[in-house]
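As written, the chain order gives the labels A, B, C and D, with residue 1 at the start of each chain.
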Amino acid sequence: MIVILKPHSDPEQLNSLIAWLEGKGITTHLSMGEDHAILDLMGDTAQLDADLIAALDIVEDVKRVREPYKKASRKFHPEDTVVQVGNTQIGGGSLTIMAGPCSVESEEQVVAIAKAVKASGATMLRGGAFKPRTSPYSFQGLGAKGLEYLKAARQETGLPIVSELMDISQLPLFRDVDVIQIGARSMQNFDLLKAVGRQEKPVMIKRGLCATYEEWLMSAEYVMAGGNSNVILCERGIRTYENYTRNTLDLTAVPVLRKLTHLPIIVDPSHATGKSALVDPLSMAAVAAGCDGLLIEVHNDPAHALCDGPQSLRPEVFDALAKKLFKLHAAVAELNG
Amino acid sequence: MIVILKPHSDPEQLNSLIAWLEGKGITTHLSMGEDHAILDLMGDTAQLDADLIAALDIVEDVKRVREPYKKASRKFHPEDTVVQVGNTQIGGGSLTIMAGPCSVESEEQVVAIAKAVKASGATMLRGGAFKPRTSPYSFQGLGAKGLEYLKAARQETGLPIVSELMDISQLPLFRDVDVIQIGARSMQNFDLLKAVGRQEKPVMIKRGLCATYEEWLMSAEYVMAGGNSNVILCERGIRTYENYTRNTLDLTAVPVLRKLTHLPIIVDPSHATGKSALVDPLSMAAVAAGCDGLLIEVHNDPAHALCDGPQSLRPEVFDALAKKLFKLHAAVAELNG
Amino acid sequence: MIVILKPHSDPEQLNSLIAWLEGKGITTHLSMGEDHAILDLMGDTAQLDADLIAALDIVEDVKRVREPYKKASRKFHPEDTVVQVGNTQIGGGSLTIMAGPCSVESEEQVVAIAKAVKASGATMLRGGAFKPRTSPYSFQGLGAKGLEYLKAARQETGLPIVSELMDISQLPLFRDVDVIQIGARSMQNFDLLKAVGRQEKPVMIKRGLCATYEEWLMSAEYVMAGGNSNVILCERGIRTYENYTRNTLDLTAVPVLRKLTHLPIIVDPSHATGKSALVDPLSMAAVAAGCDGLLIEVHNDPAHALCDGPQSLRPEVFDALAKKLFKLHAAVAELNG
Amino acid sequence: MIVILKPHSDPEQLNSLIAWLEGKGITTHLSMGEDHAILDLMGDTAQLDADLIAALDIVEDVKRVREPYKKASRKFHPEDTVVQVGNTQIGGGSLTIMAGPCSVESEEQVVAIAKAVKASGATMLRGGAFKPRTSPYSFQGLGAKGLEYLKAARQETGLPIVSELMDISQLPLFRDVDVIQIGARSMQNFDLLKAVGRQEKPVMIKRGLCATYEEWLMSAEYVMAGGNSNVILCERGIRTYENYTRNTLDLTAVPVLRKLTHLPIIVDPSHATGKSALVDPLSMAAVAAGCDGLLIEVHNDPAHALCDGPQSLRPEVFDALAKKLFKLHAAVAELNG
């Protein structure tokens, strides 16, 4: 951490700051110039509150040199994390395809879709039981019953299931769910993050609508700080001024996160764009960018889906896409040597 | 709601859509042109899922004519809502000033600040007991003890208190808090909104970091749909590309919300900018724009505040500002006739 | 175009609006409901100013059904435009790779890079002679001399050249340049667009830093309206709140533009991210998304480049990337059948 | 400027960097820690290209301590700049109101509006002769004839005139215009900035749609570096995700710029919001925030304005607003002491 001091700072206040820092085990190094002075802090600076220091009278600005996350950082954990889910692995070179309906509507529906996507090569089944809806008047999901239908579909197909947890009170219902999804709107629900950090199920954290990479990794850090290191990150589009699509898919996140963290990275082109016609080209792009997997909405009757219909693929369209994606993944792996 | 149909739509599918809509009590009116056709829907269209209709093969686009919120809308409730809190009122022409520390640190601290801000004319005491912090390693607030200290300060000064609720499980602790604050990161925590909608305490909803006016009003609608109509809105800055300040305060929200809703509107310049030097001019601007009140951080020792120090005012600075704000409020009221 | 009327509009004003519209050859269709009325406009609505109509007392809102561009629209020109540049073609299924230094520094430099990138398979040479720089104190490019060096490099290698035009006064100097680039900051320099529309050289329009797809296509329309239909679009990142990278590359632009327009689409991952390490994965992603080509910065000594060094690749790194890209392009073409 | 070095940097490369910097007259100070090292640069660092240094193998990051602008900076020019325009002054405590039509339509129109706004207290007349329009099919302004009409209105009323310059080639036509406006879309048209920097007329620079404060001030620096120090800044809204209004007016710009620069600051609420009903409250807010003036659209027949009608005020509405603004300005001045 670097503290930029105001010109002509009061030496007494400066000494008192240095003493306070040294009391916390921080080593300081002062560099004094004509128009500014900087204080270079070394040691465990993650414990320091940069804003607090910036508020001091003698301080002009504070700049971090190191990231504020540790457990999620590749610097301290160079090898890729591979998350084991049922009989499948997320990360470590394989391509995970999580597919299924946005909303679980009935056992019949979800079992039919699960069979279809499994036949196409999907490795996990996704489906929403608790739905975060902008309007209190919209369908809010089947809740516990929806989770039961998902489990029935798992029973039929062997596909592990992933579903969104919206509130701590629902956690007991998720004991038999394979991966707990934290939705974009909950990415900074810190109590929820702590709660899923205290249990062992893998957690997939979707990126908040306007979350920076650092904030997203700090949310992963919350879960990992609680003791659960089975964390998966899912890019699902960010909010920008462009409103032709629902959000703007940020594929740069894939190589950037690859560098910053050891956690697996999934891409969700369905929610990002809200348009099923864009799922194919953007899934291809995500695989070529090096993601570990995709989250794709599939619905056997998209036009009558109870929610998010426009972004779902029909099973036959998904089938063609999934086949292409596995081939592309193999081709890219070969090209990247 | 207007449904724009694709050119040369299949008449059978069109008839089936019209029949489905009429089954829901919607009246339709078809306007057929050479290059497009539109279906105008009349009746209770708030029940319809625009995305679902947009997904139909024959539909090109769907545009809403009416807002999706009702209870929060000024159209159906023309008079301003005035929220009674203890011996003070929010809305209805008065100027509410909520002041206090970002974080409650000790009883001594919060009582001292409460006395100071009361003497300066503040009508409510704010203070964080449960703190949403980006890092799991940062101070997370004093929790229940912090609420006790706030109540002690209320006891001493008579100022009603407002504090942030982060999770449903903390709700019992807030039974004796005067206004429950829903933080920006919780604005779309729909289970939390439902929970505070089922109780009677006034609720102040801060705008999400990238929430539209409509989404924000839909969050108010969640609370009101539960039966609690004591809702206050608080603008606290939105995330933009400009990072000189922490966020970008959107004062346009004040007149826009005034038109769209009957709910009171508070402005928080402290969190929006993260810089105490900007609190004065932006508070003045907010009052001139017509807000119902301000949420201002005051700390008796900003440089040593445990969190968010840089954005807090010292009590003597706050005193001068509060006096100016009440005078400005009176002057603006006179000018606006 | 759909005009949404206020409830209980004055019939006289409505008749006068209808008469005015019909005077312009527009057919209208009125749909009258209980809580609103809409006027559906048919005919050449591109001539109408939506804002003007929206300003009328009786009008609540105006919504466009059709895009405001014509010549750039795929609806009126279903086949892909292929732009012939020297001995190479842009669009129509081939992969164009434009490579070269951000800034032309010397004849020696640009000739060396041109030879290297040609050997790697690049089909065009890019290089900046006139540089848009945020600071008046930064290097502003070699100007006319820079263009001469580019031509010398073309002479040596046969590669067509593309360079940025910043002001109309420089146009005579570009007579012998193969493709005129309009930079992101000039995307809405309408006089410049008109000027390049009045000449015949192909024009590559980079997307503005916060331009919507529609605004970008309207800039293409400016050039095409002047008579020049050799227009190429180049996605180069948009400005968002995320500042880990310089801008946020929007690869969704590729399939969206493919649908909206017949013009070729190039992607520039170098400028978008400002980090050379991200050029490889994002170039791969762009090809998989279906772009017609890439604009990649290559420098024989990136660390000493006079500008934008961090985003340039070394020739040997570019060589490996270019080889991968052509293979990936072939693989994707085969997969997409 | 602070250069953060990678851990274990090659000492030879480090020495070579230090030597290169010292050759440029920069003094360096090295601070070596366990996990990082920093090189503090002192002297005229504005000449250095931060990106170039950041590209070096041994460098992890570069952070500026000082702003890259000088002539526009308050640090080097503590007193407010006051721009004399005809018989009026911009800056220095007075309130400038520039009013007039978005587009000049006829001599009759502009003279009538000029008389009306002068009677209401406006100190300058604004009007567009050359109009930047997104569509090539929209009305592009009356051009030279429009400027003549503005001059006729000045002749009648004595109000100095301000109008937008779009291209260098139009500069000779502006010789008799009092203030040259650089539009938001031209804010980074660097050749245009240089051209108006080489002449003496005051220049008002509107903020670009997604320009940071620093970029905006760098555009002012371009003009001032050319020798013209009569620069005025105009906030006109930035592009955000919120699309209820055309743009988001950023009133934080007023106090921030007040601190960073000595140049006068004007606010344009008409263009920012695109809605005339918002002009009143946001003008009030801008004055309370401390701006030096306002740019307000007034039209004698807003519903039939050829462009931007919805954001114009009628003369009688403007009259009431202007009277309020002068009173508010006086009240705020008194309150701020």
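Heads up, the rule we're going with is that a residue touches a chain if its C-beta (ideal position, glycine included) is under 8 Å from a C-beta of that chain, and two chains touch if they have at least 3 such contacts.
Keep in mind the model is a prediction, meaning the values are calculated, not measured.
**Q** Of the chain pairs C-D and B-C, which one is connected by the greater count of C-beta contacts?
**A** Ranking C-D and B-C by C-beta contacts puts C-D first.
**Q** Measuring between Cα centroids, what's the chain most distant from chain B?
**A** Using the mean of the C-alpha atoms as each chain's centre, the farthest one from chain B is C.
**Q** Mind checking the centre-to-centre distance between chain B and chain C? Centres are C-alpha means, answer in whole Å.
**A** Going by mean C-alpha positions, chain B sits 39 Å from chain C.
**Q** Would you kindly tell me how far, in whole Å, the mean C-alpha position of chain C lies from that of chain A?
**A** That gives a centre separation of 31 Å.
**Q** Between chain C and chain D, what's the gap in Å when you average each chain's C-alpha atoms?
**A** 27
**Q** Tell me, which residues of chain B touch at least two other chains?
**A** Residues 210, 239-241, 243 of chain B touch two or more partner chains.
**Q** Can you name the residues of chain A that touch chain B in the complex?
**A** 46-47, 49, 51-52, 54-57, 68-69, 132-140, 166-169, 185-186, 188-192, 194, 209-210, 215, 218, 221-222, 225-226, 239, 274, 302-310, 312
**Q** Spell out the part of chain D that touches chain B in their complex, as residue ranges.
**A** Checking each residue of chain D against chain B gives 210, 212-214, 238, 240-245, 248-252, 254-256, 258-259, 272-273, 277-278, 280-282, 284-290, 324, 327-328, 331-332, 335-336.
**Q** Which residues, counting only chain B, touch chain C once they are in their complex?
**A** Listed in rising order, the residues are 2, 4, 27, 29, 31-36, 38, 40, 42, 60-61, 63, 65-66, 239-241, 243.
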